[in-house]
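Shared between the two complexes below is subunit A, which has subunit B as its partner in the first and subunit C in the second.
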Partner chain A sequence: MSAPASLLMRRQRRLAYWLVAPAVLLILVIYVVPMILVFAASLTDYTLVSDYWEFVGLDNYRRMFGDPQFANALHNTLIYALVFLPGAFFTPLFLAIAIQSRRRFRSFFEVIYFMPVTSTLTAMALVWSALMDSRQGIINNSLQALGLPAINFLGSPDTVLYALAGISLWSVIGFNMVLFLAGLTAIPQNLYYAAAVDGADHPVDRFFRVTWPMLAPTSVFVAVTSSITAFKLFDVVAMLTQGKPAHASEVFLYLTFLEGFEYFNMGYSAALSVFFLGIIFLFALVQTLLADRAGRY
Partner chain B sequence: MSLIQTASAPMAPLMTRAAQALKGLTPGKVLTFLVLLGGAWVVIFPYVWMISSSLKPTDEVYDADFTIWPKTFAGVQNYLDVLIEQPYPTFLLNSLIVCAGVLAVQLVTAIPAAYALAKLKFRGATILLGTVIACITIPINVTSIPLYLGLVRAGLLDTYFSMMFPFLVSVFAIFLFRQFFKSYPESIIEAARVDGFSEIEIVLRLIVPAAVPAVAAFSVFSFVAHWNDLYWPLIVVQSQDKMTASLSMMQYRSEFDINYGRTFAAATVVTIPMLIVFFFARRAFVRGITMSGVKG
Partner chain C sequence: MARLELKDIRKSFGGTDVLRGIDLDVEDGEFMSLVGASGCGKSTLLRIISGLENADSGQILLDGRPVGDDPPSGRNVAMVFQDYALYPHMSVAQNMAMPLVMARLPIYARLPGGRLFTPHLRGSRADIALQVEKVAGQLRIDHLLSRRPAQLSGGQRQRVALGRALVRNPSLFLMDEPLSNLDAKLRVEVRKEIVELHRKSDLTFVYVTHDQTEAMTMSDRVALLRHGRLLQVAMPGSLYFDPATIDVARFIGSPEINLFPARRKDGTLSFAGVRLSLSGGPMGDSDLMVAIRPEALVVKGAAGVASSPLEGPQFSIGVTREAIEDLGAEIVIHGRIARMPDIALRIRAQKSLHHAGPVAVPAQFDVRASLSSLLFFGADGQRINGVTAGVAQKALAR
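Our next item is the complex of A and B:
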């Protein structure tokens, strides 16, 4: 290599360090150091209210697996996810397919279904709680007008998770629909012609022969991100139920928040955060594995 | 004669097009259309109800006999109350300051770092890229305790700085821009170097203009996400003067305001800015989502 070239490379390298320096510094302070501290804090009994603290080893983790509130929160999150996920996957898939084939109303429906995605959820949750009000809400008024019994959507332990899942679905369907629409647009049209030549004319045949396999990478992505969204449920709970009634809507992230920022059990809350991160990584791993398989089509 | 011809000529294709449209209508298509229309009404109804209620006096909001247009119009009073008597302009301004501040720092830190990762060779580049990708999966909820304790120690709670701090670097933006810059032709950069462009000039005059779509998409994405965020403001904001628009809605958990018309006027005022962003920047936002997803 000639001398001027290596000089250029050295200059380039020095410049690169300057260019990445601010980002590196911020990544250290915002991600790396706090991550180390979360692990460290999860091994202590630190609380914000007392200056005295000591290392307790894995006590917080032991406590976690014996804590009925932890079990309850996991159970609630799971039920919520089981209600939320099928709706968050199949509704947008149906919408995307139905909308994509339409020339005239396509952007009209796209705009409307997508609107809740950017809307401020805390304000819209307030509106939903008014619509779902047990006595005067418009949904219950309509049910009663049809001769059906009123439902105490957010106030009953039996229905609260369904009601929260309904509100979350309303806010997320447009997001997943856009992902499916992008996936559908990427499918080459000639595959459909080829399938038609093979005798797959019926929309159902076309769906199973072409759309579904070609959409696999998108489907994996939607399924995994929606699972993470389900596990991160927080805003609507904080806004509308605060875990009530009788801890029936106390989901995992809300419990972590309560332990840390309401009761100031920082050590225990840190252990819950580490568990939370473990779950997120698990989802990321599943995504990578499935994406590899899906990519083979 | 010619008049009739010119008048009827455009009618013919119109008629055949209408006939074709009718012929293509199967019961299945009509049904799908009706389902789409019904779904659209469910999606849009909360907005209709919110705006309608914001124009009503308290006793009419929960009236069993719902009308979209109020029987007694209280809209002017409700909105004047929210914008003059209640501190909503402050809440909106706080949200604006936080979102703009966050976005500005994110862009200033991410663009140069992404360029270096995409186009320059330096030791540690691989480790840095790996760290960036790993950090994308870490949500704020995991690191919130140490970040909060640090801000408590520094005496910075309830400041704009504490509200912006965890978001000042966007690892997502670094990764997104790096992917975008990577596809920028090396030959043009080489030619610019030969022409005596400095590396900074290359970034500012060649790379950034070419990256406008990615930058715009990310900007809308970031702005909307931080405007709507509840979790972090809930942790660090303590006084009403630093309250963000999204956080201000938490006040209605208790009987903060028994004037329901005014309550939903406040909800409308908080929602409108992002609805405006949505109508003007929907395409950029959608591009942001699709760029983040499927290919990644």
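Our next item is the complex of A and C:
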């Protein structure tokens, strides 16, 4: 190759590095460096109240697996997720299918169900807590009017996780429904025609032969993002219950927050964050693998 | 195997009448093509026959039995779609097995995982697999059975769609422009195969296309649809040589048939500067249309163009040349009538086998044609039968 040509190539390569540099820098500063810092902090006994810290190895992780509060938070999160996830998946799926086949009022229902998504959850959470109030709340007043016993939704350790799941469901159903609607719209009408001619004109067959498999990529996405949402539960707890009563609503992220910013155990809090990161990573991995398979027709 | 009868089928979408009374009988084992321009309602009619859509009024009879209220699954009709509509998430084998699975397995066995708790149906499943393999073998796609539709070429997908329609024994075989997504060469090939399929299977076919070549070459009879009505239902040959209306004559045949406004007065017909004597048909003075196919015109005095001999009395027209399309074996000459330049003329001629150089058509030339190749239509567009043209005395004298 002649000299000027190789010079040009070297110049272009240098330009290319300059062009990608801002993006690389942003990714480093926003994602990679904080993750490394959190991991590094999890290996120390750093606290917010003292300048002194020392390297403690895996002590924080050892402590984590022996900590009853950690076990409690994990347990609470799992219960919450088990209540939240089926509702956050099947309700929107059902609504989307019901709405999609409607000609009239379709956009009306879309707007109605999507409304909660556009509102600020922290503000609406306060409204919900007023509705759920044990003495003056509308829900309990209605229950009593029907002769049923009052339920202290947010104040009883037995119901608080269900009440929180209900509020989160209200806020997420519209969003997932729109995702499912988009997925449904993308299914070619001719597939339903072909299925009908092939004998699958019963709604159950239509669903299992065409709708469900064709929705697979959407379903994986909704399931994984909803799982992550379930594990990320924080704002409603911080607004309404602060982990009470008796730690019954102390979910994973809230415990992490408590340890770090209330008890100032930054090192331990960082270890919890790393654990959380691991779980989210697993979900992301599952989604990538499944979406790959589901998307490869 | 079935005889299909449509009686006064009507359908409108939100105020637009798409089908305005379709009456059609398709005989048992017949290959019927439905031809028409885009948007004329061919697919709608096919969907109504298969039960995917309900007609606003009218009757559909299969072997004399009204099926208008039956769901698609109750009509035992197979359909091939223009975009094939294969299930992308299923393998070729599963795609083809679908109609059999739906017909032979109970609903609980068809649910996801149903295979696990229905071991007693293993025999039925094996039968289905065997049947699928047999049909796949006939269509030469047995090596593709485990693939997904996305991993197939257009022609292979086409075959899978045919296979899915063929695995069960449908009483009626509906095809909606099944070849329109294939390239020209493959189209000719699959065309032959479908005809072969029809010949072997004795099934009743209703074949939708907007391609008149397909319709003419494949069918026993062709039904021409236009503006929601059937213009003519006839064998391909008679549709071409014996069109019932001017619309049929214009739609069938490429390049389009030549049309001349004509006037009949005192038994003499004059058009494009030609005068003929006319006998028979409705008497009296009237305006008509005279039509002649482009290949019935014979060019005189052009190098490289074969002129076939004409029979019987003839007439001739002076033409001004405009454009020449060389199609290889034949050429199409576009011109205008010399004395009436607002009338366009299309001529189709064979190339001469004994002429090596390029085709040369003079700027002004004469075409001749037999009087017997003229078609006459009334002002209402209906064909006028029983008319014979003769050479007018004046023309002879010239």
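To be clear about the criterion, the second predicted complex is superposed on the first by the 268 of 297 C-alpha atoms of A that agree within 3 Å, B and C clash if a C-alpha of one lies under 4 Å from a C-alpha of the other, contacts with A are read in each partner's own complex, and residues count from 1 in each chain.
One rule holds in what follows: a contact is a pair of C-beta atoms (placed from the backbone, for glycine too) under 8 Å apart; a residue touches a chain by one contact, two chains touch by 3 or more.
Keep in mind it's a predicted model, so treat the numbers as computed, not measured.
**Q** So if we stack both complexes on subunit A, do subunit B and subunit C clash, or do they fit?
**A** Because the two structures are overlaid on the shared chain, the partners are seen to fit without clashing.
**Q** Touch test for A:Pro149: subunit B only (first), subunit C only (second), both, or neither?
**A** neither
**Q** According to the stated criteria, A:Pro68 is in contact with first (subunit B), second (subunit C), both, or neither; which is it?
**A** neither
**Q** Which partner does A:Tyr193 contact after superposing on A: first (subunit B), second (subunit C), both, neither?
**A** Second partner only, subunit C.
**Q** Just to be sure I read the superposition right, which of the two partners does A:Phe114 touch: subunit B = first, subunit C = second, or both, or neither?
**A** A:Phe114 sits against subunit B, while subunit C stays out of touch.
**Q** With both structures fitted on chain A, tell me whether subunit B or subunit C touches more of subunit A's residues.
**A** The partner that reaches more residues of subunit A in the superposed model: B.
**Q** Touching A:Leu19, do we find subunit B (first), subunit C (second), both, or neither?
**A** First partner only, subunit B.
**Q** Contacts for A:Val204 in the overlay, against subunit B (first) and subunit C (second): which applies, first, second, both or neither?
**A** After superposition on chain A, A:Val204 lies in contact with subunit C alone.
**Q** Name the contact category of A:Met214: first (subunit B only), second (subunit C only), both, or neither.
**A** In the superposition, A:Met214 touches subunit C alone.
**Q** Now for A:Phe281: first (subunit B), second (subunit C), both, or neither, which partner does it touch?
**A** first
**Q** Enter the shortest inter-chain Cα distance between subunit B and subunit C once the structures share a common frame, rounded to whole Å.
**A** 8
**Q** Show which residues of subunit A both subunit B and subunit C reach, each in its own complex.
**A** Touching subunit B in the first complex and subunit C in the second, no residue of subunit A appears in both lists.
**Q** Under the stated contact criterion, what part of subunit A meets subunit B in this complex?
**A** 8-9, 12-13, 15-17, 19-20, 22-24, 26-27, 30-35, 37-38, 41, 48, 95, 98-99, 102, 105, 109, 111-128, 130-131, 133, 136-138, 141, 170, 173-175, 178-179, 182-183, 186, 217-218, 221, 225, 232, 234-235, 238-240, 242, 253, 256-257, 260-261, 266, 269-270, 273-274, 276-277, 280-281, 284
**Q** Over in the complex, which subunit C residues touch subunit A? Could you list them?
**A** It is residues 47, 50-52, 71-73, 77-79, 81, 83, 85-90, 98-99, 102-103, 107, 110-112, 148-150, 164 of subunit C that touch subunit A.
**Q** For the complex, give me every residue of subunit B touching subunit A.
**A** Subunit B residues touching subunit A: 32-33, 35-36, 39-40, 42-47, 49-50, 53, 61-62, 64, 66, 108-110, 112-113, 115-117, 120-123, 125, 128, 131-132, 135, 137-139, 141-150, 152, 165-166, 168-169, 171, 174, 193, 199, 224, 227-228, 230-231, 234-235, 245-247, 249-250, 252-253, 260, 263-264, 267-268, 270-271, 274-275, 277-278, 282, 285-286, 289-290, 293-294.
**Q** Would you pull the subunit A residues touching subunit C in the complex into a rising list?
**A** Going through subunit A, the ones touching subunit C are 188, 190-191, 193-202, 204-205, 208-210, 212-214, 216, 296-297.
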